[in-house]
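Structures given as structure tokens follow.
You will see two complexes here that share chain A, one where it goes with chain B and one where it goes with chain C.
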Partner chain A sequence: MKMIGAFLVIAASTMAGWVYSTLLKKRLHLLNALVQCFQWLETEVGYGSVPLGEAFMRISARLPKEVHVLLSSFAAELNGTAGLTADEAWQKILTQNREGLALKAEDWALLTDFGWTLGTTDREHQVSAIRQTIARLRHQATEAEEECEKNERLYRYLGIAAGTLVVLLFY
Partner chain B sequence: MIPEVDLIFKIAGVGIVILLLNILFKQAGKDEYAYILTLVGVVLVFIVAIQMIQRFFQEVRAVFGF
Partner chain C sequence: MGYAEQVLPFLVPRIRWALEKFRRVAPEKWVKLEEIRLRAEQPLQVEGGQSLFVRADGVPTTRPDQALKVEAPDVLRTVQLMGGNSLYTLEEELKEGFITLAGGHRVGLAGECLVGRGSLLRLKRVTSINIRIARQLKGISLQLLPFLTRDGRPLRTIIISPPQAGKTTLLRDLIRSFSNGEAGSAPVKVGLVDERGEVAGSYRGVPQLDVGMRTDVLTGCPKREGVFLLLRSMGPQLIATDEIGRPGDLDLIEEILNTGVGFITTAHAWDTKDLALRPSLQRLCAQGLVERVVVLSRRLGPGTLEGVWNGRTKEALLSQVQRLEVKG
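Presenting the complex of A and B:
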């Protein structure tokens, strides 16, 4: 009985460490996908002059699942009957998806900032806003990569060691 | 033998785990956490050891009849 309990404790804390380390990796992937997404958006808006809803629809088809959900629901909201402006729709989608994505508060702030420029200016200003967002996302991504490299192994081993410590103390 | 031998193993185990974690934190460049962790380890072991020491003093008092 005691053995089973000890095993469970170690397994649980190992899992916790593992989940935490994958969250770091997920954030990195997400940020890279977002950079890609905004680059495409720049092309669509700058050279294609495609309307926002259509542009987002087109881009979202080519992206990994999590970002795809974000963008396609935004496009659906824009084309929907609620009559929201681009900014309102963007903020609404962001608050809806806040729980599901492994992003940090800084990343959300960045995306929220982008929403304020969305659909309120002409094409040139829109493109420059997108470029600025890309630059900030890149900065965030390199930061995330550093953090990931540094802490991924740490969290994994920390989970195992913490479980072992608890078992040792209470056995 | 004395039944408290497993206590020694316990303390040794805690020491080993703390040592490993310490190396890990140092490698990750978080020296301040490594320091705090060592402190926590010392406190944990002391909590275990102090109970033993308390019992030892009680025995001594019992022997000399204070």
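Presenting the complex of A and C:
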């Protein structure tokens, strides 16, 4: 009986460590997908002068599921009849998706900032705002990558170690 | 799709709701609607034979104090919505001062301007919006066709009228009739230079209003370049353009006439006397370049035909005042 309990404790903490390390990885993937998305957006806005609703609809189709959901719901909001401005729609969608995405507070802050001038200025200014966002996302992505490399294994081992420790203490 | 579905989604919800209620409360006024006007800090106005204000509950009124007041952010936001929330797609429009919505509805803009080196760069802050409802009245040109053709060939025609009397509506239907070859006339290939996008009501390049099966439309192109582009590449038998009136337009027409292609256009003027007072247009008639002059007014309501004149001899071919109607 004791053996089973000990096994369960170790299994659970290993799992926790593993989940935490995958979250790090997920964030990195998300940030990279967002960089890609904003690069496409730059082309759509800068060269095609395509309206945001259409641009995001097109871009979202080419992106992984989580980002796809975020961007396609934004596009749907813009194309809908609620009469929201681009910024209002953007903030609404960000709030709605906050729980579901493995991003950190500083990533959210960056995305929030992006909404401020969205769709309200001329093309030149839009492109420069998009470029700025890309630069900031890249910075976050590099940071995430370093964190991933450094801590991914650490969290996994920590999970196993913590479980083993608990078992040793109470066994 | 009616014009309500084409226009209302672009208005801010507060105003959209009032107009949706207005449509339900006063359908007889709604179907005659010509303009919806939004001015910052002024009551919501609609024009349709009569100038009225609209209350928040949709009831039309003549008392401005009861009407729904349009706020400055309402106007700005409406412009943003018309640009698909992407103001950068409206750069050219903010320079020209109008937007064309899907369905050919023309939205005029006014407000604070941004000027650089003495010329208008663009509208910086829009405070007035005028939405003009485009209407297609298929068949209104049919009764005029016999006067505007010879042996089935369209004659060089100019339609003149004051604002809001149906110039563009008549021009559109004439183009459609010539292009389709209606009422016994031989079908012709038409090249339409739709500088302001009002005639064909193009949205993303595709005409939303019927301008005929043999019509090639060049949207948003300056007349001069547009006409020559069409002549070079599309082989039109009839060139149609929207409103002329700028000094350069006249030379353009002369050049078109030299190519032997038919021509039809419109101009702003109150009547033939007024036409004669405008130097650029006067020359046209004096030289006999225009074979037919069609005059419209609002005397019996929009689309009142004042008459048809022979441009060369000044002889009246049709002088009975009547309203142009769609004959079923």
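Observations on the model:
What we mean here is this: the second predicted complex is superposed on the first by the 171 of 171 C-alpha atoms of A that agree within 3 Å, B and C clash if a C-alpha of one lies under 4 Å from a C-alpha of the other, contacts with A are read in each partner's own complex, and residues count from 1 in each chain.
Methods note: a contact is a pair of C-beta atoms (placed from the backbone, for glycine too) under 8 Å apart; a residue touches a chain by one contact, two chains touch by 3 or more.
Not measured: the values here are computed from a predicted model.
In the superposed model, A:Ala105 makes contact with neither chain B nor chain C. In the overlay built on the shared chain, the residue A:Thr85 is in contact with chain C alone; chain B does not reach it. Applying the stated contact rule after C-alpha superposition, one finds that A:Ile4 touches neither chain B nor chain C. Once the two complexes are laid over each other on the shared chain, residue contacts for A:Leu158 go to chain B alone; chain C is not touched. Of the two partner chains, chain B is the only one touched by A:Leu169; chain C is not.
More chain A residues lie in contact with C than with the other chain of the pair chain B and chain C.
Partner chain C is touched in their complex by these residues of chain A: 45, 49-54, 78-79, 81-83, 85-86, 89, 118-123, 125-126.
Considering their complex, residues 10, 13-14, 17-18, 20-21, 24-25, 27-30, 44 of chain B touch chain A.
Listing the residues of chain C that touch chain A in their complex gives 9, 11-13, 16, 77, 80-81, 83-89, 91. Across the complex, chain A meets chain B through its residues 150-151, 153-154, 157-158, 161, 164-165, 168-169, 171.
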